[in-house]
Amino acid sequence: MKVSIIGATGYGGLELLRLLHQHPQVEIVSLHSFSAQTDDISRFYPHLHTVYHHELAEIDAVKIAEESEAVFLATPSGVAKEAAQPFIDVGMKVIDLSGDFRLTKEKYEKWYNKDAAPDAYLDQAEYGLAEWRENVDTTFISNPGCYATATLLGLAPLVMHGKVEADSIIVDAKSGISGAGKTPSANTHFPETNENMTLYRMNQHQHIPEIIRQLRVWDAGIDAITFSTSLIPVTRGIFATIYVKAKGATSTDELLSLYRESYDGKPFVRIQDKDVYPTLKQVTASNFCDIGLCYNERTNMITIVVVIDNLVKGAAGQAIQNLNLMAGFDETAGLDFIPVYP
Amino acid sequence: MKVSIIGATGYGGLELLRLLHQHPQVEIVSLHSFSAQTDDISRFYPHLHTVYHHELAEIDAVKIAEESEAVFLATPSGVAKEAAQPFIDVGMKVIDLSGDFRLTKEKYEKWYNKDAAPDAYLDQAEYGLAEWRENVDTTFISNPGCYATATLLGLAPLVMHGKVEADSIIVDAKSGISGAGKTPSANTHFPETNENMTLYRMNQHQHIPEIIRQLRVWDAGIDAITFSTSLIPVTRGIFATIYVKAKGATSTDELLSLYRESYDGKPFVRIQDKDVYPTLKQVTASNFCDIGLCYNERTNMITIVVVIDNLVKGAAGQAIQNLNLMAGFDETAGLDFIPVYP
Amino acid sequence: MKVSIIGATGYGGLELLRLLHQHPQVEIVSLHSFSAQTDDISRFYPHLHTVYHHELAEIDAVKIAEESEAVFLATPSGVAKEAAQPFIDVGMKVIDLSGDFRLTKEKYEKWYNKDAAPDAYLDQAEYGLAEWRENVDTTFISNPGCYATATLLGLAPLVMHGKVEADSIIVDAKSGISGAGKTPSANTHFPETNENMTLYRMNQHQHIPEIIRQLRVWDAGIDAITFSTSLIPVTRGIFATIYVKAKGATSTDELLSLYRESYDGKPFVRIQDKDVYPTLKQVTASNFCDIGLCYNERTNMITIVVVIDNLVKGAAGQAIQNLNLMAGFDETAGLDFIPVYP
Amino acid sequence: MKVSIIGATGYGGLELLRLLHQHPQVEIVSLHSFSAQTDDISRFYPHLHTVYHHELAEIDAVKIAEESEAVFLATPSGVAKEAAQPFIDVGMKVIDLSGDFRLTKEKYEKWYNKDAAPDAYLDQAEYGLAEWRENVDTTFISNPGCYATATLLGLAPLVMHGKVEADSIIVDAKSGISGAGKTPSANTHFPETNENMTLYRMNQHQHIPEIIRQLRVWDAGIDAITFSTSLIPVTRGIFATIYVKAKGATSTDELLSLYRESYDGKPFVRIQDKDVYPTLKQVTASNFCDIGLCYNERTNMITIVVVIDNLVKGAAGQAIQNLNLMAGFDETAGLDFIPVYP
């Protein structure tokens, strides 16, 4: 399958390129960027030198639509809402990694503080939480945010099965600094970031509404969550610690069984053994989402720990998993490798 | 005042030494270690070379009691319970940094899995949460654990004023690796720790019972908490994110006022402005405890963020603050410096 | 091709496993360890869970020789010298990643302070500096050390072409902490290693004699080098800065041409453009060796900068490259992926 | 003594503030910045909150000259050359931390690519390498660069005593990222810097001419050096590994004696024992410069390892040491504390 990448020079785009380069059924036919063009992308990225050379071109939607069967958009918020339209119009496979098609018009404009895409396009987008997609026949996927992926995969079995008090969900999510993207800022300046930890956007992160929207698909009683986002001094990874009050009697064993059943046949979610919690490094550079949990009967609280690589399962890897599902490829095609450890 | 340090070669003991070296009213007269003796501690610690030379001697309780007015014990759990006795017996000022005198006999034996100190000694120990000490006239201080210090300072105003639903307290605490002490292990091995985050002892950390014990002093309705402890790849620091359900109507402004009043006149606790959360680096190598918070009316949850340096406010610094209070020195003596930044 | 790995649980062995898992022409038929056995190696290494399951067995040389066509030994120094013998005896393909077969008996015993392998085996070993192997028909490869690989690839064109004053070679080599292996020690303890840099074994590292041995193959006038080894706080990577006095007139342009020609057709060595020096991250988790250089006419000195991933090009990756060459596979089989960045 | 700081908001200025705050004989009477003013500097720097409050004012040279006895300039290159003039004119004590007064006009314009200060001012500046200052009676100090401080302190005894072949000096210097200052850039962006090492400005760093200028004071035969500068992923510190060819017979013992004698009575330089090399962490946040060395008779090369904290001994600390010397204070006043470890 011939694919194009728009926004190839950000961290998400580069990770698409790294992963698709190994995909047995995909050929990258064009790379595009709004900000820079060159006859060879490896001029900008020495890690690509000799192993990957390709023109980085302007965006010519007609040409892309002619040459490619699928297009990935890995552009900042506010760009894809227009850039994606010609590809949706012609019925190509489209996967957008930004937040532009994840929300209703009203929510998008509130949380992103930008004009939303037209409803006609928003309505066509399928939210691509790959393990729990409703509609596999869609051609237009809105790929989830990194925090949303970790949170939703961690909560899905509980919420679907009515095991959670609806008003009790607390997510303490920590992210590596690559989640802030490739543009330097005071928050990503090494002397400020190293040996530090920072909490930002308490209850205000733009991934909150997409999380609530999906949780409400599973349990309409959920209305709000407590959601904190912190930066920790690692490059890659999301570590989400989730606390919920159990509804009804339960136990750690019962919950682990529920999770194992819920994720049976879903190759990228790995449920840990009892009393074992996943660590960031066990998923580095891979598409795995690892989950551990326990129930505390003294407080009636369940704690769930979820780890992903934000650039893979939280972005490029899940996008490819979604392509695999759309295209009828094996779900793990191009993604079936061992994480990089140590 | 002449003081001795027992357990001078661990991270806590070395930090006592660093801080006391600058204390205008304290003279260190002897250093002791169970594990090693030498005519000059700087042989083992090149950072001390030329700036601090002192014999590291065996423990001779009689001699220490003769020469010193105060003794710090910075030994591992299980050691001070006996080593402290002769000093308590003679009525010297004693400050124990371990967990040996923080709990009742029953709780200690359950959570530490070791024999407890005799009740006669346990009963004499004053829990040294410096900002909230009951009894300033004591001579025997049990210095709080690092996680306990951050958690209790973060919760004190709320719990004292009945602002918290008693069964709703969740603490998501992250610690730098120096909290694990000076002995190498798989959990502190750089290739396993760097670029990683690990949650350990979910609801099982030995600081939990001392937290609950003190919370119950303030609100007898509190029975249990949800408490997670994670390691993040920094050397120093505790970053505690605390979530509680508000009891009664409130607002962020009202809560910030409550905290400012509660900590008025307490020089080491700094309450942040609205919408500002403290970061680890703003307290590095200092005795400060910085606190930010917000109230979310959609979920009726309060989030409190607390940062300390685990080796200072979480250990040696608070111990010195306790000495200052006992000795009638200025509370900030030896501790009134600017944090190391960046 | 069926292969076995002996010493599968160290960092070198795990990296062999990660890379061979993706090799199109190789099947791992058995894993072995002296220190631990289990029915499933993923019990010890959660990153392997679901993606790689295999028994970790005791070493049964007869069985391995029957089942496998090639065997990798990734054991500590002093182990392979005996463990490899039965496989060499039957003429299997053998690749040893330790230092046991890199030196003459006399040099090994001096630098490793252990008894050497018998001469009959030492004589059969081909030093596997993959880009510059003399004898491609061998079946027994002694894989170079990580520091040696970086140093020799950085010096080869100059030394082969007589461009270096023989007594002027200085190597300032820095290594990531994974080079120290998986066993925790004071030198790898995070609080001691993070925010630190340490020089160790000045002019005494055991890779020095294998470097000199190979340099003398190219220029018999070389007798000694100045060689420093430092640890920097990264997990993976070697960054070698090499300084030599030029013999005869030269220029940066001429030298870059010489390097480009020397490494023409060698897919894993990438020569940088003028005024560009490689960084560690551009080779992370890959088999690349990237080289930049300059000539300073005021001092008549050439500076060469070489970066590799110590676990890949400095160990497992080069071992697989050597297998590919021995087996007649494409040299890049299993190794033709994009480095992990950022 | 009343002092003012111009450029108080950069890393150098903040470190001056941290250190002077503890100086027993100094009072900071005013802080100034070109880029920002506020009634309280702690608004910008939360680590200062409650412990240090002061107006951050515009620069009014007349007022500063009236109120202060000494002024520190911690501004970027190109600023002090004019800003310092009014203070020099009135004969105040002036200490400039930038490169503006370290070179002759010709060298400054070549290496900094900017107009130099007038000769009349350049001629008055005393190069403030504190341990080796010629003229203690000066009132105008040009404080050395961080790389220059480490390099010159490491070479001084050898060069002064004619122990070095003049054309053989090679400096491999590594710096923490705070050396790049407070402004974010691609080179300081955490995802690019963490787990990375980068060599920049090979033989082109602007500290080279001040190093050569001072070396020539000691040995007029020195004309050029080989000088590489690399960034390592730590916040603070310079680690310089220096290689020189010995002139005349020598030994490690003899050289260590020479260094011990040369630095006898100089409290901030600590010579290590034989076979011991200093590490970055043993000087963190302190004014120490620690030096280890060895001689290799096979190659006739001496290797010297020098560590400093770039913000202290490499900037603010040495500036205060220079003030102490000028003012007749104890040389260690305000600087006699134990390094922060771990």
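Read from first to last, the chains carry the letters A, B, C and D; within each, the first residue is number 1.
Keep this in mind: a residue touches a chain if its C-beta (ideal position, glycine included) is under 8 Å from a C-beta of that chain, and two chains touch if they have at least 3 such contacts.
Since this is a predicted model, take the numbers as computed values, not measurements.
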item: Chain located farthest away, centre of chain B as origin (C-alpha); value: C
item: Chain pair with the higher count of C-beta pairs in contact (B-D, A-D); value: B-D
item: Degree value of the rotation bringing chain A onto chain B, based on Cα positions, nearest 5; value: 180
item: Computed distance of Cα centres, chain D from chain C, in Å; value: 39
item: Distance from the mean Cα position of chain D to that of chain A, given in whole angstrom; value: 46
item: Separation of mean Cα positions, chain D and chain B [Å, integer]; value: 36
item: Of all residues in chain B, the ones touching two or more other chains; value: 11, 178, 191, 194-195, 233-236, 279, 281, 284, 342
item: Interface residues, chain C side, partner chain A - complex; value: 11, 14, 17-18, 21-22, 45-52, 178, 194-195, 235-236, 267, 270, 272, 276, 278-279, 281-286, 288, 290, 336-342
item: Residue numbers on chain C that touch chain D, as the complex places them; value: 167, 170, 172, 174, 191-192, 194-200, 202-203, 223-226, 228, 230, 232-237, 239, 241, 243, 277, 279-281, 284, 292, 294, 296, 298-301, 303, 305, 307, 342
item: Of chain B, residues touching chain C in the complex; value: 11, 176-178, 182, 184-186, 188-191, 193-195, 233-235
